[in-house]
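Order as written gives the chain letters A, B and C; numbering starts at 1 within each chain.
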Amino acid sequence: MSQFEADENMHAQDPADSSPTEGLDRRTVLKTGTLLGAAAVLTSKKSLAQSVPGTSSPLTPPQLCGVTPPVSPATRPFLDDLPIPPPAIPVILNPAPTKAANTSHGEAARASHQRWDEFRPFLNYRMSAAPSLHTHHADLLPSYMWTFNGRYPAPTPLNFYGVPSLVRFVNRLPEPAQNTTFGVNEITVHLHNGHTASESDGFAADFFATGLFKDNHYANVYAGVDDFGGIGDPREAMHTFWFHDHRAAFTANNNYLGLNGMYIVYDSKDPGHELPTPGSLRLPGYYGITDIPLILTDKRFCAAANGRNEVFQVVGRGAPGGDKWVVNGKIQPKFKVRRRKYRFRILNTGPAKPWNLSLIRPNGTQAPITVVAVDANFVASPFVLTDRPLTVEVAMRYDVIIDFAAFPAGTSVYLKEATAQNVGVVVADPALGLPIGNVLMRFDVVNRELLFPPDTPALPAVLTQMPDPIVPDATFQWNFTLVDGRFLINGLEFDHNRVDHVVLKGSAEEWTLANDVAAGNWSHPVHIHFEEGRILSRRVRVSQNPDVFQDLALLPEEQGRRDVYPLLPQHRVVMRMRFRDFVGRYLMHCHNMNHEDAFMMVRWDIVDSKQELTRRRQEIDERRRLAGLPPQYTQSKNGGLA
Amino acid sequence: MNRRELFSGSIGECAACPGQAGAELIPNVALRTHDDVPVRFYDDLVKGKQVIINMMYAHCEGFCPMITSRLVEIHEELGPRMGRDVFMYSITLKPEEDDPAALKGFAEMHHALLPGWKFLTGAAFDIETLRFALFRHDHIKLDLDLQVHAGRLRIINDSINRWLHVAPMASKATVLQHIAWADPPKTLAQRMEDNRKQQEQIDREVERFGYRKVI
Amino acid sequence: MLIAPAGQGIEQGIDMMRARSRARVSLGGLVLLLCLGLLLGRSGMALAADACEAESQWVATQTQRHFMVLAGRSDVFYDRSGPAFVMLIKATAETADIGAIGIYADDVKHPRFGAVPAATYEEFLSESRHAAEVMLRLEISGPQYERVLGILQSWDRRVRETALLYPDIAMDNILLVKQATEELNRCGTTIAAYALDWGLEDEISEHNSARRIPFEYFKRLRQLNESRHVPDAAMPGALLTASDVPQNLPTKE
């Protein structure tokens, strides 16, 4: 069958696709497919028919199961193998990506890509958001989800520092008339925590609806391009990212339905293999073999109906808490590991639940987990958790090394979560003192086969140098308060059309994040887009009138670089960050997605001229003056507003 | 000794319940408008409509008048849509104090007797049901604080099952934008046209300021 | 109000209460609710004053006693939580009105919220020394009983009309136990209280999942009110054991 015939067939299958935009997915992928031969053409066509059902073979929207949260059906543990999201396959995009938005062909309106000519994308990916079915467990029927490229989690783009890429996000989600879910068919995708130009950063109000697409340009550079030249400061390297929908007010819903995935960037230190190349840390590094994503979420399922176990959701409510724990899309999976070191990239995709993870031996004792990266950043030296769990709040990532050579072949070790899930079947404790409900997944240890990659050397004592200490040009404070029933940040309600703070490109600031709401149970993983930060201190208010604070010791995971800062009740976190290389609108928000959707978000902008900075700060203070609020900025010695 | 049971209701998982949508989520409680007209909240006021809901009480000083005057501004902006396809409802937080006459008095005082806008009261049990259904924070302290529930606007378009809220004291443009996010969906052709127009606005702003600032 | 006005004969008072408790929610409950103005500010100092006056004028008798029991068990459901509910008992020589509302385990060991089945609450008619259980039994006055009854009836109505305040029944239960226990101190200190208000000082809510909060709250109240706990020895014997077939009060929609 010639490629041309195949194209005709594909098109004939898809009469409903009236998009004038680049509805040429299948043709383009088939082009790539022919490089691999005719067989591949046939295979790819078939798999696409299953994976792009939004328009060609419409899935029936889910029949949901009422407003009262159900108890999920029973699922027997350790039936499914841990799935590994496949690497995303680069494609040739049609129409080709352009610096300015290609609105006539359906690209969502945006500013032109900054530094496009410097960092022309070399690898292009397409992520098409559409409904698909996903089965979470052998004992469950499929669930209707909204996914990228037909799978949950999405395929993982594997990138390289110095090789810019571009991801085209295409919206093929169903319109409200065909939608019974609580999702909204408008998306804007954020790469967390990419050093990304603002127009490609997934600003919450820059969403686009069905039929349109948006190109996110990822330069894949280290922060500090302007200071260091080239591709920036290698000490700013980050490796484990994730991308997810960020649509204002509906982030929790769309993420719960499945619109997220992991994104990895390699460099010479962390090259994606285990060979002794110059500069390599020799960490376990074969993606899917010894370098394993663990993408975590929680879900609740309805009883079987219409051949499905739909995910429980209620239109108009936020994402519900789940009673099943899901890893890479499966409940209580098992994973065969050889007696050598493995790297696990742990990612909490929310919507709201924090995880407290530990590794448990059959005799019930905790086995060591070595942390090598926090929020995608290598720590200066690996640290080992032996007697406390690893706390992973929403959007945090931890890269950990587990050495399975410490366990005899034929045994299993268990990844434990402190809060039990609802298994629904009575199963004996798999390890001493470990109820089955607390098991997230099982590792089955076997001897390494001859052809399996041999173990990597011992972990180096030093993984990376921290960048130079940040010397702030100014300080700033973000006060989260509750006044007269209004949730305020620095005295004002969240308003994405309004800039709350503006900084100068190339500068650095010290920010205090203050949780001043006088309520318990009010903990927030606060995320700042665009750059990583260093925590200087953490304090908790111990009394009011007068305000007395007590300093808290920083945990090892707080001493390096990170981008998600837990803000507990009455805590103040002081951190420093820089604002380099790009300008535009950026966000800071609580990453508990139900909070994010409600009010806990702030917009801050980067500008690149001192005049613009001064002018904007004056505007901000003028608006505050009119609202009866004190100014945010004071006159500095050299006349500008600091 | 004879034993007599005091209670009978019970709720648990719902195996084969019908699907979602406003009928299940929005209490259909019996209320009275500021004109003392009896209404059913879902059937008469919300079903199939795009609505903006807030909570207040007649003797509230400070933020209720502030929010009400912002709603008056929004009402003006929405012009002919009000009462035709967009409706506003202000529900009292203190039903024992606020009878229809008290609500009418409040509305008059704040120039809020406008087309498509009703002030509502009812039985305390039902108002509480409504309050939690629409403004709940899933946090005990916040949910027992009436002021917290008065601090947001609920925007619902029942015809497309879209629920949003917005801080009423955000900028007028933002409040209107959130209301527009609940508008009925447009055709692809309309979207492409809106997109083209927005691109023009962005280009103008970038040319003027060098950055996107407001658009 | 469903309170026997002072001066009327006790017998007449009981008859009135029995008759009124049969009328239950539709009339009595609404009247109670409007009088109490539950969560919404309890408007009217006059109405509150009425309730407290009735309480201060109430005289305990031997023939009619009222009890409120806070009961809970842990490690029943998958998340280590278990049943947790508020039980009311009004006992005369011949009759006992008993009921409980809260979270209990159904026959497939799933949590349910609402009227606790007799089989479950009967397990808490007498004390146990089990660490996984908690029980605080308080003797209360007639007016207090009626007020707490009104609160529980309101929740019973919410369950029957599917008008729960939270979709998560754990949260509804927290609100229920908070309201029921705080009602006791409306007119003066009856019990040593713990402020379960999700405020800064509320470490029970900070450190426990929603489903475990009522259990931990009951444990704390028991600790704080050990001297007020009514031991089995001080209870009417007939109330300590499961009865034969209990007769339901006629339900009224």
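As a working rule, contacts are C-beta pairs under 8 Å (C-beta built on N, C-alpha and C of every residue); 3 or more make two chains touch, one makes a residue touch a chain.
No experiment lies behind these values; they were computed from the predicted model shown.
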{"item": "Innermost chain by mean C-alpha position", "value": "A"}
{"item": "Distance-maximising chain from chain A - centres being C-alpha averages", "value": "C"}
{"item": "Chain A and chain C, separation of their C-alpha mean positions in angstrom", "value": "46"}
{"item": "Chain B and chain C, separation of their C-alpha mean positions in angstrom", "value": "35"}
{"item": "Centre distance in Å when chain A and chain B are each reduced to the mean of their C-alpha atoms", "value": "32"}
{"item": "Per-residue multi-chain contacts in chain A, two or more chains", "value": "67-69, 71, 314, 317, 519-521"}
{"item": "Per-residue overlap in chain C, given as positions that touch at least 2 other chains", "value": "110-111, 162, 164, 168-169, 198-199, 205"}
{"item": "Overlap residues in chain B, where contacts from two or more other chains coincide", "value": "11-13, 138-142, 146"}
{"item": "Residues of chain C that touch chain B when the two form their complex", "value": "21, 30, 33-34, 37-41, 43-44, 88, 91, 94-101, 106, 110-116, 118, 149, 152-154, 156-160, 162-166, 168-169, 171, 174-175, 178, 196-199, 205, 238-239, 243-244, 246-249, 251"}
{"item": "List of chain C residues in touch with chain A within their complex", "value": "77-80, 110-111, 162, 164, 167-169, 198-203, 205-206, 209"}
{"item": "Sites on chain B touched by chain C in the complex", "value": "1-13, 27, 93-97, 123-125, 127-129, 132, 136, 138-144, 146"}
{"item": "Residue numbers on chain A that touch chain C, as the complex places them", "value": "67-69, 71, 314, 317, 320-321, 323, 419-424, 437, 518-521, 569-570"}
{"item": "Residues of chain B defined as touching chain A within the complex", "value": "11-22, 24-25, 62-63, 137-142, 145-152, 156, 160-165, 167, 169-171, 173-174, 177-178, 181, 184-186, 188, 191-192, 195-196, 198-199, 202, 206, 209-214"}
